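In the two complexes that follow, subunit A is the common piece, with subunit B as its partner first and subunit C second.
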Partner chain A sequence: MNVVALIKAVPDLTQSRYSRSEMKLQEKGPRLMPPVSENVLEAVRQIKESNQNVSTRALLLGNQAEEIVLRKALAFGLDQACLILGDVDIYDPYLKSRLIAKALEKLGVPDVLVVGGDSGSGSGGQVGIRVAELLSLEDDKFHLIEQGANQPRIPNIMAIMKAGSKELITLKAEELLTGEEFKSVQTISREEWLG
Partner chain B sequence: MEDDPFAFMRGEVVPENAARSEFGSASGIVITLETDEQGKPTKASEELIGKALELNGELGSRVSGCLTGAKALDYAKSFVHYGLDKILVVKDSDGSSITEQFAKWAEKNQPELWMFPESRLGRRTAARVAARLRTGFVNSVQAVNIDLGSRSMEMTHLELQGKLRRTIVVREARPQIMTLAAGAGSPVRLSETERSPIEVLEL
Partner chain C sequence: MDFTFTPEQQMLREMVKKFTEKEVRPLSKKIDQEAKVPMELWKKAAELGLMGIAFPENYGGAGAGEMGYCIMLEELAQGDASFTVMLGAHISIGAMSIYLDGTEEQKQKYLTKMCSGEYIAAFALTEANAGSDAANIETNAVLKGDEYILNGTKFYITNGGIADVVIVFAVTDKSLGAHGGVSAFIVETKSPGFKVGKELDKMGIRGSNTVELIFENVRIPKANILGKVGEGFKTAMKSLDRGRLSLSAGCLGGTKRALELSLNHAKQRVQFGKPIAEQQAIQWMIADTTAEIFAMESMVYRAAWAHDQGMRITRESAIVKMYCSEALDRAVDRGVQIHGGMGFIRECDIERAYRDARINRIFEGTNEIQRLVIARDVLTKGAY
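Showing the complex of A and B:
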């Protein structure tokens, strides 16, 4: 059984500052794995522990610096990881979900897809649900894990060291969707930082 | 492609500066209604109706409520005094998912706005319908302004743990899909004299 965990990386709001002149969040420090993604990884770990012949993969859409988040996912005991390299707005669930679905078609549509619910960081957890729909995964093959749904076990030092040597493949977003396909249908018209 | 009014729903027509004319005859608001176990309208559904009617005051189109499930026809009667133009009941028919049925209906009727309640099921169904129709979906919308020129909704919600208020517009696809945040609805007035017609859909 092929199980995929869809995880995300979010800005570190304790370090980042919002630039009112540029109307943009100036991110500082590496992006972090949100708690809901840890819940996703714990759920996948439990599936693996209670079934035989399970292969697990973590998948993330982001930039090269976010490889560290995938390595953390591998420390949770997953077998492989895939980074989709793409400069996509943190709030663009339409494009993000289409890229991830394309990547999963290329890698092999999973038997089970595990995604996180709302992390409070953007689109309310809709990316994972959209991916499930694009891949025609009904609810029996699709697990939506809400934040706090389980108690993630913190990886020990051995698991963290082992994660460094596990397979991590990279796919480029512009090779998954090209031309007109690599285009969103929605735009941001206004932002206001409330702090 | 211009001969195919449904092409935009498959993402085939994505023109720059798309406006209403590119979206064929997309018009009308659909709201997905929910009830409690006794068939009574939920507060979220009432808020949704109020907001949809308010928006329709500017759009000048029609508002249809939509119910699904085994008891949908019985429960639809709870909504007939809310001032909706029509109540649609989707019958469980061929075993296809709610998403498939909604998508089929949308392809046929081309609504310009589809509103769901901000519930677990509402958000889940909205995201699936948006994926299938290749359109935009904004969750937990707190405020809506209408650009009447393009008939686009400027949908505002909070991100980054409530630190960022962002306004998003779905410019290049229809329907525009949203879930309405709790408390963002408008008051709704019941009318004992008017009754909305109920239509059973066989999809």
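Showing the complex of A and C:
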């Protein structure tokens, strides 16, 4: 059984500050794995422990610096990881979900897809559900995990040290969707729309 | 120069921090009051592989090196000093002695179980009349057939009363003195004649088990000699080199915790109509501790890095131990001062931190001995 966990990286709000003048978050420090992604990984771990012949993969759409979040997923005990390199901050949920679905088609459509609910960043909660729809996954093959749904276990040191040598595939967003597909789904700002 | 921690080291820090906040810190007051670390905590740490952090994978360790080990102790020390010392003595000088000088058979038999946490280790060098003057030990081992017969008494032995295995240093040839006449032995505590004496009632790190050990005709098979006969003192000094560095990482963690407690108090305690953190006198103390943390961090991880590169760190570990233990003492003292009367009250965490800090200037070689080590090294090898 092939199980995929969709996880994400969010700004460290204990270090970042919101700039009123620029109306944006001034991020400081590396992005972190949100608690809901830890719940997702714990759910995948439980599936693996209660079934035989389970292969697990964590998938994250983000930038190269966020590889550490994927490595953390590997330390949680997942077998493989995939990083889709893209400018996640300017993509809308529809584009994100199409990119992820394309990546999963390329890697092999999972038997089970585990995603988190609201991560506390964009708080859209749309991406996971959209990916499941795009892949036509049946209800029993799609697990939506909310924050606090389980008690994530702390990974042990041996697993952390092995995480660095586990397989991590990198895909590029612009190679997953063709130019026209890529552009057609981008959103424009209100100002641009108003001309 | 690249001062960034590797992704594995960052994950390791985050993992130990979580464990410390969830499992260790909430027990710290109880550990102090009951003068005992619950074995349940030891087992939880073992499940995470903390005891094997510094050792290679083929002995059940994680292979995280001295850097990884220092990161772990720095984080754990922000939870509880007694537990940190219990773990530190087990790894740094107990298990480490076997790793450094043990045979492959000894490593497979003992080190693997120490890495998994099944065995607790202790290190017995100090005696009532041989503290800083460690070469003056009187405990002796006499060879009879295929066994050594061990007699004597050790004092101030961390983990001694709860250990499964103790590394014991004993005179095997008095005529040769410390260098040539002292050997190290791996002693199983279930051996007949091994007795645990008085448990010592301490000022700080009260949860750490500190006892007197008595050996009455304890029979030790020859196979349990650690290293070469007569070279026990070398084994002791090599282990202590490592122990002094990791002890300093604990001091760094303790200092960070003292600063955190001080900041929390200074921000919420209002006097003269404003939080005392806004008073310059308090800010100076905060600045001094912060600066010392920067220095401690720099020296601990530089020395750990040097060790992991295969360099010898005798001088460095003495410098780091001396500086960090004294900086910790200054930080907890400032912490109590910032807390005012509250800092003198038992229920206050900084009061416990103040008592827990003091031992660091004494054990694993007093700071006076560290100064001797540094000065002698400089005088024989040159300053830099």
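One rule holds for everything that comes next: the second predicted complex is superposed on the first by the 175 of 195 C-alpha atoms of A that agree within 3 Å, B and C clash if a C-alpha of one lies under 4 Å from a C-alpha of the other, contacts with A are read in each partner's own complex, and residues count from 1 in each chain.
Everything below uses one rule, namely that contacts are C-beta pairs under 8 Å (C-beta built on N, C-alpha and C of every residue); 3 or more make two chains touch, one makes a residue touch a chain.
Because the structure is a prediction, the values reported are computed rather than measured.
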TODO: On the superposed three-chain arrangement, identify whether subunit B or subunit C touches more subunit A residues.
DONE: B
- [ ] Considering only the touch criterion stated at the top, classify A:133 as touching first (subunit B), second (subunit C), both, or neither.
- [x] first
- [ ] Considering only the touch criterion stated at the top, classify A:155 as touching first (subunit B), second (subunit C), both, or neither.
- [x] second
Task: Complex contact set, residues of subunit C against subunit A - done: 6-8, 10-12, 14-15, 18-19, 22, 47-50, 52-53, 57, 62-64, 68
Task: Complex contacts: residues of subunit A adjacent to subunit B - done: 10-11, 13, 18, 25, 91, 93-94, 97, 118, 120-126, 129-134, 138, 144, 180, 183-195
Open item on the list: Could you list, by residue number, the parts of subunit B that touch subunit A in their complex?
Closed with: 11, 14, 97, 99, 123-124, 126-128, 130-132, 134-140, 154, 156, 158-173, 179
Open item on the list: Under the stated contact criterion, what part of subunit A meets subunit C in this complex?
Closed with: 67-68, 71-72, 75, 154-158, 160-161, 163-164
